[in-house]
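For reference, chains read A, B, C and D in written order, and residue numbers begin at 1 within each chain.
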Amino acid sequence: MKEFFLNLGNLKLNTPLMLSSGTWGWGENLSKFLSLAEIKYSIGALVTKGVSLEPKEGNPPPRIAETPCGLINSIGLENPGIKEFKAKYLPPIKLYEIPVIVNLFGEKIEDFVGLAEELKEEVSGIELNISCPNVEKGGILFSDNPKLVKDLVREVRKIWNSFLAVKLSPVGPVFEVAKSCERAESDALVVANTYPALTVLSFKPLKILKGGLSGPAIKPLTLRLVWELSQRVGLPIIGCGGIITGKDALEYLICGAKAVQIGTANLINPKSVAEIMEELEKLLKTYGLSY
Amino acid sequence: MFEAKVFINQREGGEYYLLGLRVSENLAKKFLPGQFLKIRVSSTLDPLFPRPFTIHAIEGSKLYLLYRVVGKGTQILSKILPEEELKILGPLGKPFPEIKEPYIICAGGAGIAGFGYLLQKTSHLPLKIFYGVRTKEELVRVNFYEKFHVSLTLVTEDGSYGTKGLVTEALEEELENKFKKYKPCLLACGPLPMLKSVLKVAKKYQLKTFLVLETFLACGTGFCRGCVIPLRKGGYTHLCIEGPTFLAEELDLERVFS
Amino acid sequence: MKEFFLNLGNLKLNTPLMLSSGTWGWGENLSKFLSLAEIKYSIGALVTKGVSLEPKEGNPPPRIAETPCGLINSIGLENPGIKEFKAKYLPPIKLYEIPVIVNLFGEKIEDFVGLAEELKEEVSGIELNISCPNVEKGGILFSDNPKLVKDLVREVRKIWNSFLAVKLSPVGPVFEVAKSCERAESDALVVANTYPALTVLSFKPLKILKGGLSGPAIKPLTLRLVWELSQRVGLPIIGCGGIITGKDALEYLICGAKAVQIGTANLINPKSVAEIMEELEKLLKTYGLSY
Amino acid sequence: MFEAKVFINQREGGEYYLLGLRVSENLAKKFLPGQFLKIRVSSTLDPLFPRPFTIHAIEGSKLYLLYRVVGKGTQILSKILPEEELKILGPLGKPFPEIKEPYIICAGGAGIAGFGYLLQKTSHLPLKIFYGVRTKEELVRVNFYEKFHVSLTLVTEDGSYGTKGLVTEALEEELENKFKKYKPCLLACGPLPMLKSVLKVAKKYQLKTFLVLETFLACGTGFCRGCVIPLRKGGYTHLCIEGPTFLAEELDLERVFS
């Protein structure tokens, strides 16, 4: 897709497809399943798994379960912490020569600012994961409080000049939060993260898994959000939810997204992004569409 | 993922099926004993995830899997006919560790599957294989295993064939009678309760033990971080990239079995 | 399931299964697909399609579309209006000798009160559909405003003594709305209605369908809501979302629901409710459970 | 829903398949020409809804359906083998209306399916049948239709067999040449653009016309109210309980075809 070229803030994308946070490990195995040519041809940007100031070992098992056309995950933001991330994980990811966006999460605003400080000059952009609890406000999710999100983005923006996206939670006061991001000069919105969900793993003894739902099941929900938000908010939207095929990606682009992220599809088939790109190009030709 | 053509998919007994897939010789050569592949069992979105299966045997460009029908994915798989194409991904996971010491294999049910390919490839055969199931019909591929001239003890819970009882009871008796001094290693694969009993036996005779574990896998490629196994030293390891075979003493066994 | 007997307010159920609103037509064809014995054996209560004061012809086509493990509908609350409903549709439904709950919707609080007035002494209960816009408040959904919901339930409660349930929307301030219902003395909560969704029907020309998502895709989402609500709200909860099998129904009951409603399953197979009841009984026996 | 055993499911040409289902004689007797049934094509949740198909023919307890593979549901259906069981529900919908006048049938593609059973059952055969497809291979079940000794005009868009052009062009020519005075009724089933052309022709010659319509059905039983067809007098009718065949003049045709 040689013609594609999108500016989002000062991020330049050569394809409209990104790999979403947490769905391609730490990149260690990416080139085991995709050739360098496939990576360059299909991936516009790589969004890393969520990184925090301190390392986190994540949740105990079980962490994942299949539901009808969906996946519930409760990984618990397992990550090596920003220091080790920069030293050990980031350098190989940068070797792909594709824009790298680091997904960040913290427990208070300063955490995010501290993380951004650490990444200055290092990467093409950051994506703020606001689906996490704020310990200073009694554990309320950032995403439940538009004011908190505005403060968060403002503070990070002060020290971060390159691409800054906020990854919205699909639940809570989504439209107000989106407006906050706009006012606080975020460059883009990622719509959206997973949906709070639960599945029963066993009846006796009762075992349940609470976590976030992703995959095809949520596509009609997130597509609706993208459609509504793109009509009410000035920021470019990056759609993310249940994209498995090129047709799914095109649906997002047609419903108002400027680019999309691929998540669960990478887990089903690590070559998904290359196949989606191929299908998308064919569809654009078939329908005589461009954007 | 690669396309592979089914050339056989037949019921072997009980709920056990043998699946044969033809792939390129090149691909077939990449698999080592203990590694697995995942199979997309349907072109629709339910079930959503490919299911993982250990390599049971390889002949040239022919891969064999031995699987038990337990849920919707394996049910669909069992209805696929020769000549159909399936999408597969592999090799995934780490091979069985190289065991230098004499060792005994203990397998329950579908846990026997992966040891076929081990026997085919290894130059260091096990001392013995204990293979247990619930009832006679579930003893599958016995002829195949017998070809390797390794002592094979067949165990059925209901005594309908071979030794009656649990496979771990047969194991314990053997150890008690013959291996008290030699201290062989154990390599075990089967349902959790069986592995638990294997560990009890291993503790009693102080045997180094490798466990082949299972858990639901979303990706099988290290991408999702979902398949964690608690470690004794704290933290987790990931079954799909660091396993499925683990040295028991490195695991936080209480949490693994909780 | 002879032992089952549940009191919800002054509603008595002989089975924990209800047919949900809008998924069994107006009852005209029910006995064409289920024998009277099956109906009696499996259905605890019948919840009618939504009724308003005036007749509504509903939305133009297309009204429905399949999505991954789900259904989007935009029926537009097609209904004959309360007068004709009482005269023509209600009498045959009452012949089944099963509690009848009438699902009500209106554009302002008085509409609901008026509807309840019309139904006094006529039926076993009413279910208030609050996923509809309030014209007096500029079109905001009742379900987006907990105060409005409290006023609504209070006003209806004044004139309605028998069973009164509120059917929650799964989006918006769900917990606050649930609390409002509790304070205003609702007898139960139905959790929940469909999720706002969108699907692309054709790319060129662009045709989309906006509507509510139901079916297996939403089960993990609504199950989570039921779980959380049952721990925070004192009212009995009637679970509703994606129940296709007896196992699904049991999941809801185990996660805190006192009864459940079957919706989309009736559309897949009109005998679903009878099959679900049979499976549920078997499962209860298998697991030695009761409730 | 009822279980029905597949006894035949074979490709007839192009993307068209003939499916044979064995049901109880009692059930078979309940179907009238123009009615349909719905079939659960998979035991999984994707596709979620059974797909509707008109009865193509009945012999004793054997139901025949003629279907075209257009998407995932019909794709799955086309791979089902004899001896498998399918869940079906029917009869659904209203039969073809009783037409007292002489009438002509006009069918495009899979639209031909339901007229087979009409020919089998009716004592009032049509004057003529026009059956059009894109290309030769798609002309299926012609031998079957010829058995009824009704004049059958085969039309292919590419001229690879029979009359070249659109089926409605052939219809118009025939009307112009032979039926200017008689004013037969029309009974038409096919894709929307074809039905649109049928209506143009019908208007020109002022012919009473019945259209067999299609739309996505969720329930097929009147439960969901999803399958609305706009009426001329205002409001809607429901295809699955009042259709699928409608008198054209009762419909709000502009909205039906928008």
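For this structure, a couple of remarks:
Everything below uses one rule, namely that a contact is a pair of C-beta atoms (placed from the backbone, for glycine too) under 8 Å apart; a residue touches a chain by one contact, two chains touch by 3 or more.
If you're wondering where the values come from, they're calculated on a predicted model, not measured in any experiment.
Chains touching both chain A and chain C: B, D. Using mean Cα coordinates as chain centres, the one most removed from chain A is D.
Our note on geometry: chain B versus chain D, Cα centroid distance of 52 Å, whole angstroms. Chain geometry summary: the mean Cα position of chain A and that of chain D are 47 Å apart. Between the Cα centres of chain A and chain B there is a gap of 36 Å.
Listed for chain D are residues 45-47, each touching two or more other chains. Residue positions of chain A touching 2 or more other chains: 68-70, 215-216. If you sketch which chains touch which, every chain touches every other chain without exception.
Touching chain B in their complex are the following residues of chain C: 68-69.
Considering their complex, residues 1, 40, 45-50, 87, 89, 215-216, 218-219, 221-230, 234-236, 241, 255 of chain D touch chain C. Taken in their complex, chain C has these residues touching chain D: 22-25, 28-29, 32-33, 49, 57-58, 60-66, 68-71, 73, 75, 78, 215-216, 244, 264, 266-271. For chain C in complex with chain A, the residues that touch the partner chain are 67-70, 72, 171, 195-200, 203-204, 206, 208, 210, 213, 215-221, 223-224, 227, 242, 250-251, 254-255, 283, 287-289. Residues of chain D touching chain B in their complex: 42-47, 72, 75-76, 81.
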